[in-house]
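Following are the structures in question.
Two complexes follow with chain A in common, the first pairing it with chain B and the second with chain C.
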Partner chain A sequence: MTWTIARKEIVSNLLSYKFFIVILLTAILIFTSFFIMHRDYKQRLTDYSLIKPKPIEPIAVIPPNPLSIFSKGLEELMTRSFEINVIQITARSGMKSGNLLFSYFPVPDFLYIVRVVLSLVALLFGFDQVSREKERGTLKLMLSNSLSRSKTLVGKWIGNYLSLSIPFLLITLLGIVFLNLDPDIHLSSAHMVRLALILFFSLIYIGFFLSLGILISTLTKRAAASIVILLFIWAILVFIIPNLGTLLARQMVDVPSVKALSEKRQQTWTKEVLLGEEDRRKGESSWDTRYKNIYSEMDKKEEDFRNKFNSLVKLSKNINRISPVASFVYAVTDIAGTGIGEESSLKMAVVSYRNSIFSDVISALRSRVKKEYPAFAYRHRPLSQIFAEGALFDTAWLVFFNILFFALSYFAFVKYDVR
Partner chain B sequence: MANQKPILKAEDLSKRYEDGVLAVDHLNLEVHPGEVYCLLGANGAGKTTTINLFLNFIPPTTGTCYINNIDVTRDPLEAKKYVSFVSENVMLYGNFTARQNLDFFAKLGGRTELTKEDYHQVMRRVSLQEMAFEQRVKNFSKGMRQKLGISIAIIKNAPGILLDEPTAGLDPKAAAEFLEILRELKNEGKAILMSTHDIFRAKEIGDRVGIMKEGRLVMERTREELQYEDLVKIYIDYMRSEPLTA
Partner chain C sequence: MSGEKMLTTIIKKELLNNIFSFRFLFVFVLLVIIVTVTVLILTDDYLRRVDEYSLRQNDIENYMRRYAHFNRVNAVIAPSQPPLPFNSLIRKISPDDYVIENVFGEFNSDPLPIMFPLIDLTFIVTILLSLIALLFSYDSICGEKEDGTLKLMLSNKLSRARIILGKIIGGTLTLIIPFLLSLTIGLLIIQFNPRISWSEANWRAFGLILLGSILYFSFFYCLGVFISSRHRSSSSSIMTSLFVWVILILLIPNLSPYLASFLSPAPSKIKVERDIERITMDERDELMRKMWREKQAELYKLYSILDENKNLTQEEQKRKAAEDAAYRKAYQILSEQFKIIVSEANRIQQDKISGMRTELSRKEESQMLLSLGISMISPLADFTYLATDLSSTGLRNMIHFQRITGEWRRLFGDYSEKKRDAIEKENPAIDSWNVAVDMSDRPRFQYKEEALAGRFKWTLPSFAVLIVYNLIFFLTAFFSFIKYDVR
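Take a look at the complex of A and B:
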């Protein structure tokens, strides 16, 4: 019986204009996104080959991540070149997108399309599942048979989910195949595993919005009312909560600005250099001791800043997770290696790199002889670490939302007045 | 007929809605195999509520509905195996053809073994034009949709049929054709409970006619009794009489 309902839903979708328009739109958006992001990635790859440091330059820089085609995240921040000097680590503007329009509009990556467009599409598939059937009288006719409401609901969910997810998967896989045809795009098996996980998350995410659509459909008597309510909820979940959380967290955790930290660092440096010069004249202190003092103080300030910043990020993330959209974004960007966790890990690696070459940098400054430094090497966090540091929670959270909203739909449908 | 077990039976059935309205008040009725029972009454008399109670769309406040001797409230899924339903306005799935609609509802009714020819036969039986079999239902007239609706009821082959104002809005020819199909089904031994406003057709097709007012079955006559009485007069008298709750 469940499959009879699911099959009916699939055939009904295939015969409707709504389905074709929506799938066509999805295909156009995904292919356009892959095309734009692919060009953008190649541009950044060219930039990287130009700014790649020579052995005599104490610069840390990583190549663009091919998965940033799908989820750009913090990629532009991460692919900046970090120059190590005696005062601080200076982040230069790195491999920025050549496309200026990205400054005006959100980057149209795959993540954006799934987050905004596919969620809306899933709602369009779910919003009239019960209310429309009631309007046309087919719900009464269906339930006049020996058919349980749970089977009806499960059948509807499966049918609509397959109607949406199969074309979506096919379109995405086709796009990935086209991307792979470019010899400049090196998607290793590890990348493919991550891509598969991103698709898996996308499917869970779509499932949530379909369940939400069906839930509201079971709480309303008319499809028109259902779509209005759903658009309102969608805007709150997709746009308002993920921004509100960050603003709220800023009110709760006081973090100095990066500019203030930089100013402080400069002041410390100037003060210590002047004092050092005076001491040197008196013959009381050596530069090495002075440098140690400077860096010990700076490291303390940096650590304090980082701790506060991490608290802010953690709090923002937790507030934002009220909306499953935030969990989806965190999980996908982390898996793609363009998330907040990865950026933080990269910064730690740059600090370690600075510490490992620091004595060489100082001696080069003193002797004014150019030295060769070991190249900066960074390995993206493994999946086990990504899951342990948050993605597992986000997965469970998304699955929980799916189950919760489906269960709510079920309870609402059991009590639904079919008359 | 009275010796046979009733297929549809309401026993002391009452329904009071949450707003306090008593829609059905201690209703007792039985419909036996090969019998058409017509429920007459004004809007709000409780006819549709009675049908909804038989289909377990709403729970009764007191009393019980039985379909084929199965308590509908206790085992609704088992009970509904033995009943088909035709509603007032059968919209169906507009994007599906007549056959696709029939196929879907036949499968829901447990008829999974049917072939395309079986569907065509049923549609021919209800006089649906041959060219309409593979046409999308959204282009159908109301009469055609009602014919398809009765096809759905026929193909389930259940011993009981519930009809909720099936001839409302049909032109006289379509309504006459519809009644002819009902007569055939009755002759096949189906127990048919039909709610209607149409006194003339009720008299024409009904083996028994009951008049509902404010949820109560205020009168019941057999076909034989109605040969000597004027149903129209009886109906109007009941409608004009003082409210029962007064």
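Take a look at the complex of A and C:
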């Protein structure tokens, strides 16, 4: 019986104007996004081939990550060139930094499309499931047969979920096939596994919004009211909570701004160099202690900054997770290797690279002889570590939300007054 | 009933109809909550940044009192953008982030805003109000048709033109009410904070932003009415509305910088900067050494007394110059020549890099203008630009900031030259670059917002696009309603 209802839902969806619009929209967005992000990735590849360091340059650069086509995240920060010199690690940013408009609007990657648009689409599938049938009177008819309410609801859920997720999956897979036609894109099997996980998360995410839509639909009398409420909930979950949560966390954890840290660094090293010059004039050389002072002071400050920043990240993550959207974003960016965790692990790797070659950099500066340095190599965190460091929680959290909202809509429907 | 009276009756009916509806109440309550929470959090954040800014300035003052010296002072007193009182409503981009990235190449970064960009008034207007406008208008025509009231209305002696005019005016007015009320609460929160005071220019800018937001959502209202008058049923009308909304709001602005970067690519910035660094450091030093060797050989031939130099350290040379008059003359010529060579080598290399820099910034600028142009198709981008530029948190302020820091740098350059000359006059043997100097009389960088007239002029294109959109969609809504089949 459940399947009959599911089939009925699918067929009635397939013929509807809503379905046409929604699929058109999904197709336009996903194909444009793949096209744009693919070209963007190729631009970064060319850029990388230009800036790849020579052995005599103590520079750490990692190649662009092909999964950034789907979830760009912090890729732009991670593919900066980290140049190690005696004062600091200088990070130069790529060509995107020249055009300020990149920082005006969010990146239109796959993650963004799913996070913002597909959630909206899922709501559109759910918003009138119950109230519309009640308005038309078909709900009464349906329930007057020997058909349990739970079966009706499950059937509705499955039918709508399939009619949304199957076209979505097909479009996405088609897009991925097109991407694979480009010989420059090397998606290894490990990448494919990650991609499959990202798709899996997207499907859970869509399911949550569908359940939410059905829930609100059973709680309201009219479809027009249901859509207003849903769009607001959508805006709050997708935009407001995660964005304000970050700011809220900032007020609770006292982290100096990057600017303050940068100014402190300038003050520290210029001061020590001046004192060194004064000592030199007096005829005594104190460079070694001066340099040591610079590094010890700066390393202490940076470590302090990083510790505080990590606790800020942790807090803001936890606040933002009130909204399952944040969990989804964290999980997907982490799996794609473009998330906050990956970025900080890259930074740690760059710092230890600096420490390992630092004495050589100093002696090269003193003797004015070029040295050869070992190349910087970075391996993205393996999936097991990613899951252990938060993605597992996010998965569980998303699944929990899914079950919770499905259960809520179930109870609401069981008690629904069909008159 | 006269025509005008009829019109006001319809406007009144629309207003009352909306105000007593469930969706109005819901929207109103939520807007008030969202605006209040946003303003509270942004205000707190603003105050926190004000405190941090003054702490940072204090640190710089303390440093300058003891360790100010000309060689590296530019890195220490690099200008910084102070937080603006308007930041408790609007915050977009700040020159500080840009300076950190590009000038200091800061290793540490703040990835949080990249994951979840900040929310401010521009978000509330561009995303929420446009949605609300569509939610209020998607069934304004086809909904009444479905209810059958449209037929009834038109069976009276009532022209269609009046109905549509009344609907659009009444509908836009109902949108303005919750927006203005919630904004008033936000403004009260800001104004009652003793630490924030708005200048008159702030209020004027605010007024203009308000005008922009009214234009923005009246456009969406007209769009909704237009779509509604193209549909037979309200359930399909909402689909089309949301489709258009997603394309206009969530797609076009985000695509624009990428499209522009493909159409008008800029060279690899990292590569250019590395080349520049090589040219100004290693290559310059090499050039200098080469020029100096040639000059030295020439001078040693002219002044044989200098031959001893080869065995003397710099300190011994200086001492000798103080004792021996004949040597002093030759030594002075030598050191003058050295200065000339240094500045000559610097000049040659600077010419080289300034060419590269202008080329890079020309390409970046043309790319930025192109993406600006593409994105202005979207009303979201138009409103974002006008709101951020009027509140000095946008692109215009970046340009302004660059200009005033340039002016300040020139002032400081003159100051440091004069000061160093004075120091060298006092003691010719001193290294005026690397000695602690009292710089308490230095010209200090003071940020001043650009005059409102200049900011407003810059945002005129955005206003113009919004007005044109309003006209177009008002007219299309008007004409498609005239032709609407009410059966």
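In the analysis below, the second predicted complex is superposed on the first by the 389 of 419 C-alpha atoms of A that agree within 3 Å, B and C clash if a C-alpha of one lies under 4 Å from a C-alpha of the other, contacts with A are read in each partner's own complex, and residues count from 1 in each chain.
We take it that a residue touches a chain if its C-beta (ideal position, glycine included) is under 8 Å from a C-beta of that chain, and two chains touch if they have at least 3 such contacts.
Treat the numbers as computed from the prediction; the structure is a model and nothing was measured.
K.L.:
Is this a clash or a fit when chain B and chain C both end up on chain A?
P.N.:
Verdict on chain A: chain B and chain C fit.
K.L.:
Quick check for you: in the superposed arrangement, does A:136 touch first (chain B), second (chain C), both or neither?
P.N.:
Touch status of A:136: first partner only.
K.L.:
Is A:6 contacted by the first partner chain B, the second partner chain C, both or neither?
P.N.:
Neither partner.
K.L.:
Could you tell me if A:164 is touching chain B, chain C, both of them or neither one (first, second, both, neither)?
P.N.:
A:164: touches no partner chain.
K.L.:
Quick check for you: in the superposed arrangement, does A:67 touch first (chain B), second (chain C), both or neither?
P.N.:
neither
K.L.:
Put simply, what angle do chain B and chain C open at chain A, by C-alpha centres, to the nearest 10°?
P.N.:
110
K.L.:
Determine, for the superposed model, which of the two partners chain B and chain C contacts more residues of chain A.
P.N.:
Result: the larger residue contact count on chain A belongs to C.
K.L.:
Check whether A:206 is in contact with chain B, with chain C, with both or with neither, and answer first, second, both or neither.
P.N.:
neither
K.L.:
Of the two partner chains, chain B (first) and chain C (second), which one does A:418 touch, if any: first, second, both, or neither?
P.N.:
first
K.L.:
Which value in Å is the smallest Cα separation between chain B and chain C when the structures are fitted on chain A?
P.N.:
After superposing on chain A, chain B and chain C come no closer than 13 Å at C-alpha.
K.L.:
Residues on chain A in contact with chain B in one complex and with chain C in the other?
P.N.:
Touching chain B in the first complex and chain C in the second, no residue of chain A appears in both lists.
K.L.:
For chain B, which residues are in contact with chain A within the complex?
P.N.:
Within the complex, chain B contacts chain A at residues 48, 52, 55, 57-58, 77-78, 80-81, 83-85, 87, 89-96, 100, 104-105, 107-110, 149, 152, 156, 162.
K.L.:
Provide the residue numbers of chain C that touch chain A in the complex, in ascending order.
P.N.:
That would be residues 22-23, 26-27, 30, 34, 37-38, 41-42, 44-45, 48-49, 52, 55-56, 59-60, 63, 67, 69, 71-73, 75-76, 78, 80, 92-93, 96-98, 100-102, 104-119, 123, 127-128, 131, 135, 139, 234-236, 238-240, 242-243, 246-247, 250-251, 253-262, 265-271, 273-274, 360-361, 363-364, 367-368, 371-372, 375, 381, 384, 395, 398, 431, 434-436 of chain C.
K.L.:
Looking at the complex, which residues from chain A come into contact with chain C?
P.N.:
17-18, 21-22, 24-25, 28-29, 32, 36-37, 39-40, 43, 46-47, 50-51, 73-74, 76-77, 80-83, 88-108, 112, 116-117, 120, 124, 128, 132, 223-225, 227-229, 231-232, 235-236, 239-240, 242-248, 250-251, 256-264, 266-267, 269-271, 273-275, 277-278, 281, 302, 305-306, 309, 312-313, 316, 320, 326, 329, 333, 339-340, 343, 347, 350
K.L.:
Show which residues of chain A lie in contact with chain B when the two form their complex.
P.N.:
Residues in contact with chain B: 1, 4-5, 8, 11-12, 15-16, 136-138, 140-148, 417-419.
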